[in-house]
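Two complexes come next, and they have one chain in common, subunit A, joined by subunit B in the first and subunit C in the second.
Right, the complex of A and B next:
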């Protein structure tokens, strides 16, 4: 963009040729300069970048590829705590603290709650120790599922069993007593699991933020640019979406879309989250469409689409970027909650939400490390991303500085 | 005033109709044939046809839409698909527990955040102010799930100060025994974002000319803050509060789920888990209507707070 502006200026007929003209820095150059001067912003940008690099490396299989390998003993404590005295092997916790579907106090839980996967887990544990990636799903024994004679997860489980062959199993006697950040129920390394979980959570957050920002920008541009009945229509559409509380809308869509998957959750978040972007972009387009440069574009015969996306869009793109950044944080949080409830990623995919779900039961047994690992990773990313967003907004729109949340 | 209200209610109708259409589109079109959801996989064609006839999904779409609108107007969504309880009965009985948690939570949250926001904005830029802002930033970044899991474990499970979960029959027992820890967690989660927001609202007012004028004529500092500034800052606060009110009903669904409080939020989760479409449909439509109504209520409250506001 900056270069485009620069070339425009270089070719502009203003001023005779012999007068040396300096190219004044564009919005992005200035924004980058201001961002560089912001120490908090740069540190948080660096942290965000570390997470992004981690996501890419883990996604391409360079790190944490063997996260599903059971390298330690069950619930191996973190190394700095030292190995646990050998005790009776821990049973799979069957107490579901706050498990859905029961009013009974905790004492009654064992009899009340039937773990829908208990059989599967027992079978898998009995036959092959390396198995059941993320098996303790939060899926409640829903009435509809219980009626089915077939196990709704049979296909998934079959897949997981097939994949087992790839994950070489560490024999029981060779397992480590401690792991750097502890192990989970199956003795998998929590550190690698957290990295793998970040990959899912961050990817979902970024992808759905792109979908939502794209929709919001498109709707906002069309609505603000054309005005009249188009504007009325989109405003109506906006107020309809806006009058259903966000989480309720997500849950309703999740209920309707029966299949679970990473794509599904990206679509759910993206299709429901565009309203905030829409409102801002619409206001920007309303403001910009009457400006002189747009009239000039009209005069040289630029089409509507060209005026909207080639002429106006670069001038509002900083708003879009800030909104994108805000949405990523919001969607990562939403993904964690959805996956925690079991409406998010499928059972064989690990995300921060599914880790927190496991951690909930582990905490009662005193195994806190998975909770701390997933919680801390998320807190660091969210803080860094939020601070970076603030810095980005200040850098791109200095007029706002000191007013909003400064 | 009356004319204004009548016109606003009239203007709400398209939005309400839109909500109805959106929900209808979601559940009757995107959701596929509910008969399969309801019958599961084992039933034969005859059973499915039977269910389809009962639900009216063998009718054309406009008839189905009419059935849906009639259901909304008469508040009769039939029976839940999984428990066979009347949907209207579900909604009525779940509202009480939700409100038992939400009303004290909202009142306490408002009192605490407004007083903190006034105090922090008064000493803006000082060490205290910056420390509070840092604490809220960090507090905001921790997932609500972590708060609930840890607090429930520490205060209820380990220390035993509160029951781990449950719900009683008497209102007072519920409020002071079962709801206190959920309310406390709700406060911890909601104070940080609200405090940041309200602080900026107060800061917007504190530098205005009228504040200087008030000080110049010798108005005491407490009076400047509590009467002059607070009254002007209350308009955005009301907007924020009102906009969040219906969402609160669901926002606390995680708390309700963890503590097994039989409220609306927990009902939504259960309904989604069980694919209990009538319950989700009813809750979505009514909560959306409530949102639209509170928006009007917010506008009317402005008028009460700020006589300069012109209702057009």
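Right, the complex of A and C next:
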């Protein structure tokens, strides 16, 4: 990819001219070569690519489209553990892994041990009847119990139940006793849920990293390049911004945006995460604007904007790239944390964070597989991405190159 | 390898019965990546006799510094390999095989080193006294009081005024010359038998260089040390060395006594090196270059070039009362003014070269940058075609910008590393709307690359693939795209090797002859300025000391400062003095 880029760039100003020449490797090509020689970096890159492909496939609906289908029994254990014998109704939830717990059929549920958040979820669902159509349906307590409780949302619930009847194409008695990675409370396949969750988590991570890096680079470039009062202004802004506790800031932005959704999280993370990039890029511009090649650009009459973005930017772009990939890692984690705390994606969207959020309740019941699935997927991606970032930095850092050539 | 053995160091071995150090078949290679290595030193052999100064001379990439680092075992272990069959014999021991701990004892005590850049070799957060005493405590086992006393003595010996007080100074409180003196003090504090000086004067002004060279020569005599002096400057070698070893591309081209090498060089490369440096006594039409000798054609166009400015010459740029002040904040509200350039006036005749010489801090570079409006002038005017360049609005100045151009000192820094040469050369055309379309601009770029002597393929390459001299040619080509009337050369050849320097100077001269360009040639190198300039302006502390035709000023300087400056120029080999 980088080689093609170099080829394109080398050719673009030239036009066709028939002299025999080999296109010289640009610094990007050299960086790519160094990266290719880094085994850890390449393995990490491959893993990251697998996740990205997964994200794209899931986003386009090619895989995990039917993640919301309730294909297994409630809390279906992973296949390698084997199905659990239907035991007595769940009275004493045990915490031990794989210990005989309640894998009871629906009818055996008692309402008092149902997911404590079920009401809240139902309520939220109730507020948005439109989205309920394709949404996961909460466990349906028996109608008799429903009537006993005072439910202001009775109508909505009835509506949901009607939809559920339509959606639940797998009849209760046909549900699988085990699923490859187990099932969640509603018997949805955890594996598919994880894949679908990765779509949200990775997309949020990458998109918000782009927003943050863009803002940080723009502010940093302007501030470092112009200096003087412009720099003072941005530094004040940065200092004030940075003095607000991070989580508080996120809550504040969330409060201003007033709605839950993937875009909201992207904006929250993007608008609060630019500070580190700003500081670094500002320093780079301070350093580069005094360099002779920039003076030379001034001497040939290049305008400020041209000097900033045509002349200097390619020289700091590797820093931007490394910052971008550091932020992707950080924001994937942030999304998970936010969703875990409940400020994240809405309930009808699955992400690793919301899976972990569900998992804290399940763990009490000894259902550990959702936690493990989401946690493992995130750990693998984040570790691979972090290692890739390190490799990228090594490959692109001109200082290391200087040492080799000494 | 053959070259190295061809000139066996017979006479050196005979002159001293027991040399202090023998280097035999030293080979050093660097790992570039997993499969490629680069042999930087290709089996060299030479001796360092007792109580003498041996100079290791060569251009960049000759392996001279690598050799000195190999002697001290200071090469980076992660990517360098010293061939185990190499021998560096010192005091009956082979330093190549010596374990690190033994070597460390030897370093500083028996063999010590002075580096090129005193600024970076001294630790800025400790006083010079602390750093000196540390050396003495570590190597000589002195107590604190002894070390302090010895430190003061050594500082006095290297000519630091008022050493009792200066011992508590931090490196930043000393001038560049004094810092280098402190470095020398550290190096000789333990009375080493061998002092390795790696380009110790390259970063210094000529007057300071003269003092440091005298100091090293004096210390060498007084302490009966041997000095291994590494430099690229043959003029310095001629003044200081007893024996000379000429290196090129990791091989020894020639070695012998200074007299033999300077008066009757046998190797063509040595001959060329001696000839291609501009000399104060002669000014040929073109400087001889290495290739003239290697190809055996001999130097061409050696007839004298007439220089000088007549009153009738048309004036292209008239600078009047130019001044530039920098302000630094002092206290809460105060400002301190520093006048970098004070009331400088001169006229630049068309098609001629004005040489601008001075020591660092004399304001010569500021003059150049102010005329380019890369710095905003504080006072004065610069009349070009009847208009004052300095008082124009930036918009007005834009169309004059291409008429007056600058070539910077460091060709490694002045080209954008992420642009191809094609982009670099076409960029000014793009900005100024020269050439109707991309194809036309490309054609012009190819033409200019050819003009400055670069192959057409260069168009597609990146700057890092070129050597220093080639990069300077690219920078020149970039300026030529705009067809300037005035070219400011700010130390443009100072960072280049002598042989490359000659080529670039020839190129600049050719371009002046062809296009009638006017040059403002800024340099601290008085010999180069003498060669290229019609008129020379000497600056000191922001003021013009003297301005005159170059032949007059060198033959007959009026001002004491100019006299002192000219007296400091290394004169090279002088049989009368050194006999």
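By definition in this document, the second predicted complex is superposed on the first by the 291 of 406 C-alpha atoms of A that agree within 3 Å, B and C clash if a C-alpha of one lies under 4 Å from a C-alpha of the other, contacts with A are read in each partner's own complex, and residues count from 1 in each chain.
One rule holds for everything that comes next: a residue touches a chain if its C-beta (ideal position, glycine included) is under 8 Å from a C-beta of that chain, and two chains touch if they have at least 3 such contacts.
On a predicted model such as this, the values are computed, not experimentally measured, just so you know.
Of the two partner chains placed around the shared chain by superposition, subunit C is the only one that A:291 touches, whereas subunit B remains out of contact. In the superposition on chain A, A:49 contacts neither subunit B nor subunit C. By the touch criterion defined above, A:40 lies against neither subunit B nor subunit C after alignment on the C-alpha atoms of chain A.
Of the two partner chains placed by superposition, only subunit B is touched by A:360; subunit C is not. In the superposition on chain A, contact of A:301 is made with subunit C only, not with subunit B.
Subunit A is touched at more residues by one of its partners, and among subunit B and subunit C that partner is B. Once chain A of one complex is fitted onto chain A of the other, the partner contacts of A:340 are limited to subunit B, with no touch recorded for subunit C.
In the superposed model, A:247 lies in contact with subunit B only, and not with subunit C. Residues 403-405 of subunit A contact both subunit B in one complex and subunit C in the other. Listed in rising order, the residues of subunit A touching subunit C in the complex are 9-10, 13-15, 17, 19-27, 37, 291-293, 295-303, 306, 311, 314-315, 317, 403-406. Of all residues in subunit A, those touching subunit B in their complex are 97-98, 100-106, 139-140, 142-144, 147-150, 236-237, 239-249, 251-258, 333, 336-337, 340-343, 352-353, 356, 359-360, 363-364, 371, 375, 378-380, 382-383, 386-387, 403-405. Remark: subunit B residues 14-15, 18-19, 21-23, 26-27, 30-32, 37-38, 40-42, 81-83, 137-138, 140-146, 149-150, 152-153, 157, 163-167, 196-197, 200, 204, 246-247, 249-251, 253-254, 257-260, 262, 266, 268-275, 277, 280, 283-284, 287-289, 291-292, 295 touch subunit A in the complex.
Residue ranges of subunit C in contact with subunit A, taken from their complex: 30-34, 76, 78-79, 372, 374, 398, 401-402, 405-406, 408-410, 413-420, 422-423, 426-428, 431-432, 438-439, 441-442, 446, 456-457, 459-462, 464-465, 475, 478, 482.
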